[in-house]
């Protein structure tokens, strides 16, 4: 809106990406690859969700995996209740409950007989949790590093509780032996085209929807909060509500991604709420570009893709972790706005040829921007 | 009736009393300058009004409403705007986007999600940019601006906010002589429509704009009056003894 | 009576180990505002240093402690120079970069020293229990407790009584101004980072004989240590000490009454709620912020 | 990255052709065909080389590769070489599933060898079940699983406990304190232990679970001191084992009066804690490094020769080793037939092999393995002294504690 030209470039990029992932199955219709890329695209959704709260609003949520994991469990619970009877105990009790001497299905499992409830729970529970935690943090004016530590602590606690409450959660093994999700007469088998499209469609909606939100005034205010929270407050905006909106929305998207992940992986596990995964999300987002939803999504796909391929090559079997670690450090040091900033620099160079006076997008090339501002100030 | 009343206000930081029994009242449409030596509690006084700092005792009344210890955004919604000593704008947003954030009605989360921008606000926004001389910079990120320009942008933000009471903390710091003069002109235009409270060290500037000057010292009000009265006041002279004449402060 | 005494000793022992691990973290965070996610790996490096020295030179634990300190401090110094130094203006990014460092250190150790658990010898004269006030207490735990106190005292003296300590406090207060007084802020930061890393190294060396040595031994320790630092606040060493003592005693008690899982969960919750209401930690000082 | 690019090139090359054909289908979709082309048998190796469980899984990877090397050096299987495809699932269940998919669908392996934790096996199960592959799982585990796509060569609870618990009661007393890491395996083992104790008139004076990777046992030890059990029955795993033993001794407890009886303490953990801390405690397992048999001497010598003189073998790496031989015999039995995973499974039933621990045999009823449980007392030198040994190999009963359920070749049945 401020600069229709740069907006057009961005929109082109987003749409192009969506088209690519949607036509992908026509190029490579292969069970294994569909499943593999569906998994990567889910990470893309997760990473884009983090970019919304971190890159746009400045809330570094190190516990993003909480929402992801809870969403995943909600879906797994619904699917577990639909497994063929022999794998469950008497009266349709999930097998792990039988082994833990649970006699009747616990009350909070009951509603998961309904898919509708499960889907709402997968979205709603992470959002509710985020909302409560967010209310607690943002009303208390907790920012920056402390948000990071509190969300991380939350993650550790919830993970501990899930592993501990084996009777109800399947403990360390998670919830396994699931049936296939069916909705509107379509089966969503892990390797199927339908699942791939569900995932790819979600990513498109998240990216384009997210882009639309960031272009509203709300989106502007969120970015303003990231730049200078106090300044925004003195304009009469209730900063905490805005932060909580971003935090909760991001949690909801992550929860949805978690549900999809259960479909693609065919189980739910406490490792979906691990510190490891949660920090990985942050890394994807940073590598791709935290200030761009598309950048963050691409970062996730790229990093997990490179990671998968590096670890599959016999040469790097032992050293792939070293290489990944080094890449993270290099990106953080030299490309604070991620790989997408390279692309945006390229676009800007192109534009500069035609129109010198054209402006840049705010978050776009902050690297250049800060550099320039330094020069301006010194002169 | 005064627009802003401060009565027996006390603020302390870990035992140190930054403001000790401050009384101050400002009328609608007035331009009040707040001066005083370093550590007199000027900035803290502004902080108390806009809700940044909690007061230990006393009352702050704005348009007959108690606003002491209210949340900042609630005070701001009543029509109080604040400019900081260190210019604070949104560095990664463009000037235009900065101003859009400044045009702050409505305040709610969801109305800003669905609300559409109106042509009227776009015009107003460009007019504001012209007023502060940033028309050419509208689509540049705020981080490209020079220090003086950043000051101007923040002032423009306050104008966009359309606050009734504007609190300014050293608005001319870092400005050239010409820029300072331009600021003074602007303030004189605002006078009457808005109520301004300006903390300032630059006495030249104060002379250009000030009707009534309040002098603070050690957390309380030392003197109040026109500039000529203040400059003759012996108590003020004594308070400034450490730093020479008042104009050097 | 002996039950209570037992409980107090357990708590003290937990607290001293917590303090040992979090001291370096607290110093680095307090001075530079850097969240060092590689801190656990510094602890791990300390333990591996001892393993290496014992295996190749048959050294006793005590001399190993000294070597661990300097070895890990050197590693910390290098990491500060190469990476952390460039990120002081972007504190959140230090979280990412130091996580990258921790990944590299872990896998590096796995490749060079092997993936299996490693053996570090406990000095024979400390491997049994001794009676204290009628209660059997592990001699090695007493040893750790005493050494923690000594390290704490040394750290206090270093900060309060030396020229380096003075420079450090000056830099923490205001970097620009202290630079004008001829203090080399960059150097002070490097040294502090190295010192914090060195403390982590000693911590690793000290806990190695009580626990086990493996490439990922630091991961768990570092989150507990964060809780200590967050609760203690950045204002003073005393905050860290008090918070380690409280967390140690409380989690010891909860673990006894319920179990370790519950203890961990409740302590985390407690700390989170506490920083909601005391964001500066329990030893907070109210100051005017610019 | 490389292969992505290759895929992409292939893809774009195929694109033109695909347009005319309509829906492109350029990859072979039927995974059960063409498994053993070109005179080699492809198998997947799925043990973590990084992450938390790499501590133990690395040795499983090594034992497995050593067996493959030996078989290949001796002429392979009916003249075909075994070709291992090694992957690193990084101790993460999701990565296990991803790599299993790659091995089954991408590399078209006829069998996979892998997993240490149950969680990772559970993650691989849906993959091997859907694509009818075969997963060879070497670890002792909690049982109560009856997959038609897994061959289980580790011990299940009845094999480890049915001699062990009565022996402990007889020699030390009836008061047990149960301590384990907080996950499925210890809880199930303790279930079984409680059933056995009830039959023997024993008593559980405490039951405690610590988080995985926990290394601070002072509170637990204080509770143990308070309850004064005769036996501490331990199913703590990994580095927690080391911490528990060291802190036990440091707290002044004496193994002669109150020994730890473990199902999970192996030579590997003892090497890490030091023999003086393990001395006098007991472990029940089908295999100990010190077991005296010609097969074991050969196995230990070969392992040390290949991976270093300070390496130890243990009750998980031994099955990881011998199960490759069982696989080889099964494929051999197929002779000229198609080498497909379901055929291998059927051929593996009743296969016997002279393993380091004794002659092991795959039970056709449930695809678990007959094993030779032994009771070992840890020595100062880091080895176990074998005190008791079963007279015959013991039948695996994965549903021992659940009399209502029976595992059959067609899957789980309610009795």
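Order as written gives the chain letters A, B, C and D; numbering starts at 1 within each chain.
Here is the rule we go by: a contact is a pair of C-beta atoms (placed from the backbone, for glycine too) under 8 Å apart; a residue touches a chain by one contact, two chains touch by 3 or more.
Everything numeric here is computed off the predicted structure, so don't read it as measured data.
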- line: Taking the mean of all protein C-alpha atoms as the centre, the chain whose own C-alpha mean lies closest is A
Message: Based on mean C-alpha positions, I'd like to know which chain lies farthest from subunit B.
response: D
Whole-Å separation of chain centres (CA-atom averages), subunit A against subunit D: 34
Query: If you average the Cα atoms of subunit A and of subunit B to get two centres, how far apart are those centres in Å?
result: 42
Query: What is the distance, in whole Å, between the centres of subunit A and subunit C, each centre taken as the mean of its C-alpha atoms?
result: 32
- request: List, in ascending order, every residue of subunit A touching at least 2 other chains.
  value: 160, 163-164, 318, 321
- line: For subunit B, residue numbers touching 2 or more other chains are none
Query: Listing for subunit C: what residues touch at least two other chains?
result: 107, 219, 261, 264
Task: Name, in rising order, each residue of subunit A that touches subunit D in their complex.
output: 26-33, 35-36, 39, 86-87, 95-96, 98-100, 160, 163-164, 166, 171-174, 176-178, 190-191, 265-267, 269, 271-272, 274, 276, 305-306, 308-314, 317-318, 320-321
Complex contacts: residues of subunit C adjacent to subunit A: 33, 35, 37, 83, 86-87, 90-93, 95-97, 99-104, 106-108, 111, 219, 223, 226-227, 230, 261-262, 264-265, 268-269, 271-272, 275-277, 279
Task: Write out the stretch or stretches of subunit A touching subunit B in their complex.
output: 1-3, 213, 216-218, 220-221, 223-224, 226-228, 230-239, 241-242, 245, 291, 358-360, 362-363, 366, 369-370, 372-373, 376-377
Partner subunit C, residues of subunit A touching it in the complex: 60, 62, 136-137, 140-142, 144-146, 148-150, 152-154, 156-157, 160-161, 163-164, 275, 279, 282-283, 286, 318-319, 321-322, 324-329, 332-333, 336
- prompt: Across the complex, what residues on subunit D touch subunit C?
  reply: 49-52, 54-56, 58-59, 182, 208-211, 213-216, 218-220, 222-223, 225-226, 238-239, 241-243, 246-247, 249-252, 268-269, 271-274, 276
